[in-house]
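Would you mind keeping the following structure in view while I ask a few things?
A, B, C and D label the chains in the order they appear, each numbered from 1.
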Amino acid sequence: MSELPKAPDVVRSCYAELVVTDLERAHWFWVELLGLHVQHREDGVLCLRGSDELTHHNLVLREGPVAALDHIAYRVRTPEDVDRAERYFTAVGSPVRRIPAGEGTPGVGDAVRVVDPLGFPVEFFHDISRAERLIQRYDLKRGARIARLDHFNIVVPDIPAAYRHYEALGFGCSETIEDEHEMYAAWMYRKQTVHDVAFTGGAGPRMHHIGMATHESHSVLHTADILGSLHQEGFIERGPGRHGVSNAFYVYLRDPDGHRVEIYTSDYYTGDPDHETFRWNVHDDRRRDFWGNAVIESWYKEATPVLDLAGNVTPISESAIDESATRVGADGLGD
Amino acid sequence: MSELPKAPDVVRSCYAELVVTDLERAHWFWVELLGLHVQHREDGVLCLRGSDELTHHNLVLREGPVAALDHIAYRVRTPEDVDRAERYFTAVGSPVRRIPAGEGTPGVGDAVRVVDPLGFPVEFFHDISRAERLIQRYDLKRGARIARLDHFNIVVPDIPAAYRHYEALGFGCSETIEDEHEMYAAWMYRKQTVHDVAFTGGAGPRMHHIGMATHESHSVLHTADILGSLHQEGFIERGPGRHGVSNAFYVYLRDPDGHRVEIYTSDYYTGDPDHETFRWNVHDDRRRDFWGNAVIESWYKEATPVLDLAGNVTPISESAIDESATRVGADGLGD
Amino acid sequence: MSELPKAPDVVRSCYAELVVTDLERAHWFWVELLGLHVQHREDGVLCLRGSDELTHHNLVLREGPVAALDHIAYRVRTPEDVDRAERYFTAVGSPVRRIPAGEGTPGVGDAVRVVDPLGFPVEFFHDISRAERLIQRYDLKRGARIARLDHFNIVVPDIPAAYRHYEALGFGCSETIEDEHEMYAAWMYRKQTVHDVAFTGGAGPRMHHIGMATHESHSVLHTADILGSLHQEGFIERGPGRHGVSNAFYVYLRDPDGHRVEIYTSDYYTGDPDHETFRWNVHDDRRRDFWGNAVIESWYKEATPVLDLAGNVTPISESAIDESATRVGADGLGD
Amino acid sequence: MSELPKAPDVVRSCYAELVVTDLERAHWFWVELLGLHVQHREDGVLCLRGSDELTHHNLVLREGPVAALDHIAYRVRTPEDVDRAERYFTAVGSPVRRIPAGEGTPGVGDAVRVVDPLGFPVEFFHDISRAERLIQRYDLKRGARIARLDHFNIVVPDIPAAYRHYEALGFGCSETIEDEHEMYAAWMYRKQTVHDVAFTGGAGPRMHHIGMATHESHSVLHTADILGSLHQEGFIERGPGRHGVSNAFYVYLRDPDGHRVEIYTSDYYTGDPDHETFRWNVHDDRRRDFWGNAVIESWYKEATPVLDLAGNVTPISESAIDESATRVGADGLGD
């Protein structure tokens, strides 16, 4: 890939835009229940953020006919990195669309949207509206007390291809699930946490989940407790539990459209230049849940469809990994 | 005292009725900020409870001209114990008033109110309205996530007299602050916790604080954080901190009328019949704060006046303990 | 039962004595891992307690050939209540053995052991050695930071019979699992918590678990995390999770002999004289796990055999409830 | 400063080397009490780290005659950045000493030590031994459960000069304490947290404290509780409390030589390229303690002397800020 133009300097995962089929129901889930802050509301669109986020949003909910991922978005270091993203993905052969400020997602300036080589709709932007500092507004913290977006997790049929794509974009790799033959999953980062993006093996492109960070484990427990209180425990899919990978404490929920969100706390610093990849063996039962609890089937199998740049649902391909041949079982394909 | 009638069988401290000068301000503090549940509201009166409380209230706020304690109230085991209370305090020579169901505090049935020998207005009742179970309504828990009333703390000039009075009422003593000559404070219980009532030495009768229980220490921290968020940190008087006495984690707040409330968590079981009193030496700096942090002056000196049965403020007497003679300093007189 | 002698006044569940097949392995689990305090050690016997316990022990481990429950033990209010226990169970027709001080479990004085009508070996005692106060020895708290024994959970084929037996002993009932035809489980108490004993429907008599109290939920999480760290996550059987019944936060472990222990925190006060039973419907998925997580099969099916007064393993009877007829499934039989 | 050579690319604050007068006492404090992991021990030297640290140490304790800071150390991005540091500080006119691998601190490779323009002994290195991953060794976590070094806090007479020096080294500024005339304190970072270094106004150069990160607030409380348990509460100087600046939850301890350490948790992400400085007004009582609790005098006044490259104690200069003229009081000079 040495002849490719210089890749954009990605700062971090910043927001996801999801299509939801009922904005009021989505408001109930993401705002009333989880406690995200409503930064902006306009016809058919909600822009939400966590209390530590200092830009306009971490999540955009847009009402539409089919529940899907519209795009994930990375913030880049400079305005010129938006141009770099355009040149880079054009050279890669991806569909690319430049979106001038004011024509895209509310609050976001000049941006480039691409369908990356993995089939995902991805936005790169630098300019975004600043938002009022809520870091110390404990009076406003409710529900899961979400601080910020932490990461995206995407389902891809070919993990090594995903790894190479993000490696070329300058991402480091904090952890993997492997055996001597295959890589089953990987966690990659730009900011100094365990990940900005992770790959789950399976039919794709699909979005597995978005990870939202909270500060302490009792907020994860409280999130689950609220759902039990409302007899809406069906929205809890998996956990609370401790991840082996990342060491984070988590719970996975499904929103009313089935979009999965992880409430996530307490990973570790990865900012040293020689930070080494930690490799989990696919046969270590602790990799997905450090306490050895079984992973529920739906967590491996279900995921959110993704849209292309024209707004159509992208067809999916089956996974290239033959898990039955590796005798790993369904568990080997996920996280 | 052997000729006295049998004392009523007290189950526990149940509620306090406070006079506040501005009910809307009090609502802001106790309901919006601390998150107590409004069980009942009528003209000039608010009945509030914690989420674990299964009776009508733990706190009654009544609007009136002078901020004061109207009365503290103990629940007794049977309806007959209300009669016993009437006979007992009559024999003791206390002012006694029988209050038929419907004529006293909302939700409370047949009751007796007395001015006890320590000068405090105290109610004994058995019948009280049941309230909807909110124990598992995590969706409603806000602010300090108060579970229930834990205890009263009263300021009295004569600690041994207070001790003897409550001992005669069947209270056990979990802890004291002492030296070889004096008892400076004591914690006494009927329910199986460290206390239902505690005595702080000083000019009295005055109410030092009411203690409200929450389940975990992070809720105490969150309470203080909310006040900082609102730039209302002046309502925090002392703490958060760990008590030596009781081992509980605490913060003391002052409501808009200066009434003091302690948010309190994690004391210990005292229900064994031979539970021994733990005696702190007044010179052990950990007794009031286990981490040795100094106690703020106002915490020792300021307290809430109490009303008599006619609703007039009770005059106070100075403390009998001469703390300068014991060289203990102001610290020896309180909690 | 009106002609029965007066039942002993039970204060609380105090300790269990377990037979373990390898005392050093048991020491690793209960002391090194869970952090119980070793109060006494003699040949083949370990006496352990939590940091809030002020008597000699909460758990006795005795090495023997077959892993079993030797007995559970309730503390009674007075020495005379030991005599009452002897008369009561004699009248009931139970095997009864008086054990003079010094001849039974170390630290325990005069005691009576019976095989109760449910088939369980149960001790009633009043006198027990006091132990050094460790309540504020945070420097010694390790592992699960266990405070005290909270409860016993026993497996019985006939839940209503167990209910009636303990009701006759003066226990209150905090919660049940029911439907219109059957009672599937019940939680009964003497001390002012949700329970001292609970009944799980199934083949019995067997001991389901002992419940050990810790102060905050992070200690439950830490317990599971330690097991993951050591790659001993197989000792975690179920959880961590939130109970519907009791509202407590829990994790269930199995010791090296398969004895089950629950690390348990945060239930609620039950000391009011008219405390009402809260009745869960057997079809409410939240009763066993408030978040709706499935209960693992072994948790319903496996339990510890119990010994008779001669030290022989007691045969078990199948459950009288026909769960397939009630269409409840295995879940309906447990907790 | 435009003619200066390119500054080294600093990754983060990595470790401090302290001179202690009694290594066994220091071992008690830092290892037995706080729970730091002993990575290396040789005659008169202890190398310690937190459980998340993947390099050789976060703290070096070296026995010597006078308690002092030997040096603070920043890790740089590449080996060439060590050369850059040498050229940069030579050009600045600082004393500079090159320390080949094997001749300096155990575990550290090729390094440069300088006395920076603020008078502090500072090391820049890239190569350092890797250490076994303990991130998920919950079985080893004790005391304060320290994860890693978070920051240095240094006392300087001239805050703007310190600000300019670190700005030239490429540090961002997350927060300050100011009024319209003066800057009283500043927090500056390279890694994506609130700070790697902060400046407290006062007589300097002296080291105010080192900040050690832990994951959750209950570990801060537990640290203080352990000291109370041992009746060593005198080692607690300030807190636990919530900072206004940084929003972190903290406690300050003094080690047996008076070196100050902060146990610190829960600040926020600062990695965006346009992260804005948050400016506290010196008159906002929440800046130092978000709950408005007063700061103890010793915290402002006492600090650790620093050594020069020859190992002699550096004389100190008084602060240039005249706090009485600004009517800020002692409080204005700290944190």
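Rule of thumb we're sticking to: a contact is a pair of C-beta atoms (placed from the backbone, for glycine too) under 8 Å apart; a residue touches a chain by one contact, two chains touch by 3 or more.
Quantities reported herein were computed from a predicted structural model and do not represent experimental measurements.
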Selected interface, A-C versus A-B, where C-beta contact pairs are more numerous: A-C
Most distant chain from subunit B, judged by the mean position of its C-alpha atoms: A
Separation of mean Cα positions, subunit C and subunit B [Å, integer]: 34
Cα-centroid distance, subunit A relative to subunit B, in whole angstrom: 50
Cα-centroid distance, subunit A relative to subunit C, in whole angstrom: 44
Overlap residues in subunit C, where contacts from two or more other chains coincide: 136, 216-218, 225, 228, 244, 290
Contacting residues of subunit C [partner subunit B, same complex]: 11-12, 52, 54-55, 75, 77-78, 130, 133, 135-136, 147-148, 191-192, 215-217, 244, 247, 266, 268-269, 271-273, 275-276, 278, 290
Of subunit C, residues touching subunit D in the complex: 136-140, 142, 216, 218, 222, 225-226, 228-230
Contacting residues of subunit B [partner subunit D, same complex]: 217-218, 221, 224-225, 227-228, 231, 233-234, 236, 240-242, 244, 249, 285-286, 290-293
